[in-house]
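Two complexes, one shared chain (chain A), two partners (chain B, chain C).
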Partner chain A sequence: MTRINFEFRKKVLEEIPELKKCFQCGTCVSSCYAEKYIGSYSPRKKILGALYGDKEVLSKELWKCATCNACDERCPQGVNPYEVLTKLKNIAVRENICPESFREKSDIIIETGYAFLIDEKVNNNRKALGLKEIKPKESLRFVKNG
Partner chain B sequence: MTKSKKSTKKTGIKAEKEEPRIGVFICHCGKNIGGVIDCEEVTNYASKLPNVVYASHNFYTCADPGQNEIKKSIKEHNLNRVVIAACSPKMHEPTFRNCVSEAGLNPYLMEMANIREHDSWVHIREKEDATEKAKDLVGMAVAKSRYLKPLEDFVVPVKKATLVIGGGVAGCQAALDLADMGYKVYLIEREPSIGGRMAQLDKTFPTMDCSICILGPKLVEVGRHKNITLMTNTTVEKVDGYIGNFKVIVKTKPKYVIEEKCTGCGECVDVCPVYVPSKFERNLKSLKAIHAPFPQAVPLRYEIDTDNCIKCYKCAEACGDRRAIDFTQKEKLTKFEIGTIIVATGCNSFDAAKKQEYGYGIYDNVVESIEFERIVCAGGPTGGELLRRDGKHAKRFAFIQCVGSRDVTCGNEYCSGVCCLNSIKLAMLIKEHVPDAIVYIFYIDIRAFSKGFEELYTRAREEGIIFIKGRPSHIKEGRDKNPIVITENVLTGELMEVETDMAILAVGMTPSETAKDVAEKLHIPRNTNGFYLEAHPKLRPVDSPADGIYLAGSGEFPKDIKDSVTSASAAASRAAIPMNKGKVNIEGITIRIDIEKCTGCGSCERACPYGAIRVNKNTKKAEYTVAKCHGCGTCVAECPFGVLTQNHFTDEQIMAQIDAALSSNPKEKVLCFACNWCSYAGADLAGVSRFQYPPPIRIIRVMCSGRVSEKLVLYAFKKGAQIVWVTGCHIPSDCHYISGNVLAKKRIERLQKELPKKANLPSERLKLNWISAAEGNIFANYVKELVNELNAINKK
Partner chain C sequence: MDEQKAGNREEDNNQKKYAFFPGCLIPIRLPLFEKLSRDFVTNLGVELIDMDFTCCPNYNIRDRNRFLWLVAAARNLAIAERGKLDILTLCGECTQTLKAANELLKDKILLLKVNKELEKINVQYNGTVKIKHILELFYESKEKLTGFVKKPLEALKVSTHTGCHLLRPSAMLKFDDAENPKKLDELSSILGCQVIDYSTKTLCCGVAVFADYKDSVLESVKEKINDIRADALIVGCATCFLQYNKAQLILKTDLPVLHYIQLLGLANGFSLEEIGYNSINRIKNKAFEEKLNITVP
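== the complex of A and B ==
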């Protein structure tokens, strides 16, 4: 049975008020590449879940979005599902329900400035292909303004 | 012109000489005001104001007991001024003017404070601030009331003739109703035939009558009614005047065929060698360059498409001695005088090419609903065969609902209301033509709200039409140019790809492209979607805000045929009221000239768009024709010597309002001048829509932004206002008085530059914005910005 979690609903709506505009037409779902190729990724259901205050919407599923923006482009109510999903991801991170691999990746970027590091594993692969070894790059420090 | 007998001279004169004895009546309006504002506290406050001899509060002041209390108090306390703090004067000013005049007081000695639309409805959560604001608003009304003078309405005769603009079913119905009542009707239509959108439909829902069969006889009746002058190919060129006395000029494009001589035999068509696409058939069929627009056209006369004509003159040859063809015809202007106007410019279908994802205009077998209406029609281009572009018979059909409706991406957030039933109707017709056809309707919600609608929806399901809840995201083209509809089935939560032979886009309705031009020429407002605005959404749905101009059909908002006809008959009967009476009262808000001081400089003459005030070259003095005056007060603000006075909006009255508005904490307030027709109405709409904005704004109503003189603005700054905000109708053409806003713009922009010199304040303190009667949200947003600015100034 669907029960509305009013506490979480309130919290989500305060942060993402545009959710309230959604009239559940499904345009985002048939626009969605994640739904088409991976399946079980429905922006509409995520929005409905968020409106009902269902914490399940913060699950791993959320991170399947390919950020193609097609849903935003076509949404007839200006809900902008892509942005809504991004904001839901922010809530998920704060609630500590973000998949470990995303957290690891973001840690690497924050620390080094690179999305992909040159490490031993990379050099082993290169060696196998007969390529010469390359030196691991130094980390780039973020330079603060001024 | 005669003076109204209604005005009560005796009490009026008495009021002028006597010390003001003011009665204040505060309305709770149930919980509408009383739920937010402490009416008792406001009453106590009012009772202590100078000259107030009586103050009370009442649950519903506009109801009988409330009105009786006012009448009783006028007599008991010998009141000679009445202040009513309630709703907007645009709502109940006539009610209360009547009420006080029944008690023997001149109606212009009553003043209203708008504590509902401008206060309790827009400050729902700020109860204390709203109560403080209500005190200010009552104080302002009391202050103005001390200087009120008795005035008299003028009575003008009404011409018993009407102009109907637009010859669709609504325009025809309105024209016939009025013509049958015995009034002269001029019906103009920009197309070569009357009939409008309804003539293009095959059947009508929910009864499935043949559209042209029920419309045709009506069109014929319009064509031959002795009281109707029908002019096709004709548009409005110019409209002057006011209720009862409009002067109109219309422009008729030449048809190059003399209507009186053409017998409609069609011999010219047979010999014409040039083919042109038929607009009526949505370019699905061709016509000759000389043609009648469609077989049932009224008037059934031929015209030549000169853009495509090769001037071979074979038609003239075939016409022979009838001599009906005349290539020398020119545009013709016709002038006439009328008493009332009915605007019935109707709707267009939404341009489906704007929703690129559905491939209209790209894919061969994606059509829109009016095109499909012609395809299904036995009299149409395919003779009723359901043929595709490639000539094959289509068997599988998909209707896509809400194309250009309920869609903010194309700016049409409204529901067009007719497309659900129209698609169901077309789906039923497909089943009638091809019983084994497969028909899908993809919808967001099915709206079947009117008589017989739900029953038709049920029948459609019984007929086997497949309804799929889900708004398709796009259409792609498959093999054989078959459109494939891609959607989520919202009820199962699964994706669907549906291959069809033909996809039909159920396009929404948008205002006719002439609506803008007509609105500008008549000075009537439109909403943000371009539909004409009604005087009151519930109680005056077919009146435009301008007196004597009425709205019929879907120019006001999308309507089906029944609703169009209903509104047309309603508009006709509303228009008949002043014509039947034969006279109409015009408000006594006119001007006075202190002729001694007049230098004859001519500023007023240049300001007046109606020619009501002119300088006599011999006497070098201004001369005033009251019958021509519309009461905007722009001349008063333009006069450099203060010679002119606008009755009911005199300088001393407005300055008294400014004094009262800024009597306490002036530095924490924004003072706003709002014109009666657009921005004051916009502020009212913000109230009706409950758009919340911060309380520190005090609005003073003037008839036109053109009335706001330099003197008034500088006075407000002198009294401590931090920000003065002048608002009016959109530039250049929305002004109810033609050009008052243009003069206001010039004057206020000049004053902005001079403000550092004249008031020792930065230019930014004087604001000027245009807000229409439909822009409640924009009004509220402006106030938020201004109050932020005010807070920033005060922090410094």
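== the complex of A and C ==
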């Protein structure tokens, strides 16, 4: 049986008020890539769990989502389950619940302005095609305190 | 930075100048796609201006902190706005991020909060920039595109995969019918190809979860590949391009996957070598190669 964690429930509903719009129809589940191919993953149940204030919803399992956005497309209530799951991920990250390589990937972006590291080979390939050289940028460092 | 004169950007539907947003993946991993894109767009009579853009940013930042994701996206939008230009994107992910952020920032209170962060670097966003993906530009320029066809690919049967991050959520992205996308089909048939529909057309390529759930993703790719009755799969997104090449190498299936910019190159008379078939594409197929040399009378 799920025990309601009222404190967590309050926090989640403050941050994700659109949770309340969900009427648990399951359209998101039947559209879901993660549920169909990876298994044991239901956006509907995550939303129900969050509504119950069940802290178990904050798990690495959230990263089973393939970001296909089919749930957002089809949800008849405008809940935007993908966005809700993203917001749950944000809370999970704050509680240090996330896949191992996760922070690294986002650190690279903030530190270099690019999602991938740029080495000499990259610019040699670009030069051979007559394209301009690219360099890491510091322009995103101002968002660092996240 | 190039500063265009203030004026009629809003009213001018036939805009000739864009802030060019190549993203990260294409300039770093697939520079040939950047080169081909720049050349074709320029040949359409459109000028591309390079600006101080960063990663859009992608879902790794969005998953970590959605507000910072929005601030960083707004920074890119603000840079384009300062130059009085709309944005032309190449990549699916960039398109989704920038369009979604732009929609979310219609919320004036949120915009105010974001601008408070942007104050730190002396930029502000006012919500006036529009974002267009290169396929949308091609679709608007269909007549001119027809003029590029020197070698109609009439013997070639293709199926298309537009890419999730171009299609969904359609209320925000306004790219195509998300359940039954047709634009990439039409763009392929302009080049002479016969387009074959299939039932798993909107199935995700699974790249975001490939590292952690490899077998599951391979299963989904196999389902899609087996569903396609064509000589090649044409994709609109560079991430999907890499994913379908990589996954098929493991699956040992042999459906050539081409980005639309490569298909356009072939129709324009480029050789397989020149569109990167020998260097970038991992899946080779003799029957496909031979079909390119057949001219239908």
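Just so we're on the same page, the second predicted complex is superposed on the first by the 117 of 146 C-alpha atoms of A that agree within 3 Å, B and C clash if a C-alpha of one lies under 4 Å from a C-alpha of the other, contacts with A are read in each partner's own complex, and residues count from 1 in each chain.
Basically, contacts are C-beta pairs under 8 Å (C-beta built on N, C-alpha and C of every residue); 3 or more make two chains touch, one makes a residue touch a chain.
Note that the structure is a prediction, hence the values are computed from the model and not measured.
**Q** Looking at A:30, would you say it contacts chain B, chain C, both, or neither? Reply first, second, both or neither.
**A** first
**Q** Using the touch criterion from the header, give the chain among chain B and chain C with more contacted residues in chain A.
**A** Of chain B and chain C, C contacts more residues of chain A.
**Q** Where does A:114 make contact in the superposed view: on chain B (first), on chain C (second), on both, or on neither?
**A** In the superposition, A:114 contacts chain C only.
**Q** Between chain B (first) and chain C (second), which, if any, makes contact with A:45: first, second, both or neither?
**A** Touch status of A:45: first partner only.
**Q** Which partner chains sit in contact with A:97 here, chain B, chain C, both or neither? Use first/second/both/neither.
**A** neither
**Q** Touching A:13, do we find chain B (first), chain C (second), both, or neither?
**A** Neither partner.
**Q** I'd like to check the shared interface: which positions of chain A are touched by both chain B and chain C across the two complexes?
**A** Of chain A, residues 36, 70 contact chain B in one complex and chain C in the other.
**Q** Along chain A, where are the residues that touch chain B in the complex?
**A** Interface residues on chain A, with respect to chain B: 23-31, 35-36, 42, 44-45, 70, 74-78.
**Q** Given the complex with chain A, which residues does chain B contribute to the contact?
**A** The contact residues of chain B facing chain A are 357, 402, 406-409, 444-445, 469-474, 486-490, 493, 495-496.
**Q** Mind listing the chain A positions that touch chain C in their complex?
**A** 33-34, 36-39, 63-70, 72-73, 80, 82, 86-87, 89-90, 93, 98-99, 101-103, 105-106, 109-110, 113-116, 118, 122, 125-126, 129-132, 134, 137, 139-140, 142-143, 146
**Q** Sort out for me which residues of chain C touch chain A in the complex.
**A** Touching chain A: residues 24-25, 27-29, 31-32, 34-35, 38, 50, 52, 54-55, 57-68, 71-72, 75, 96, 117, 120-121, 164-165, 167-170, 178-179, 202-204, 206-209, 211-213, 216-217, 219-220 of chain C.
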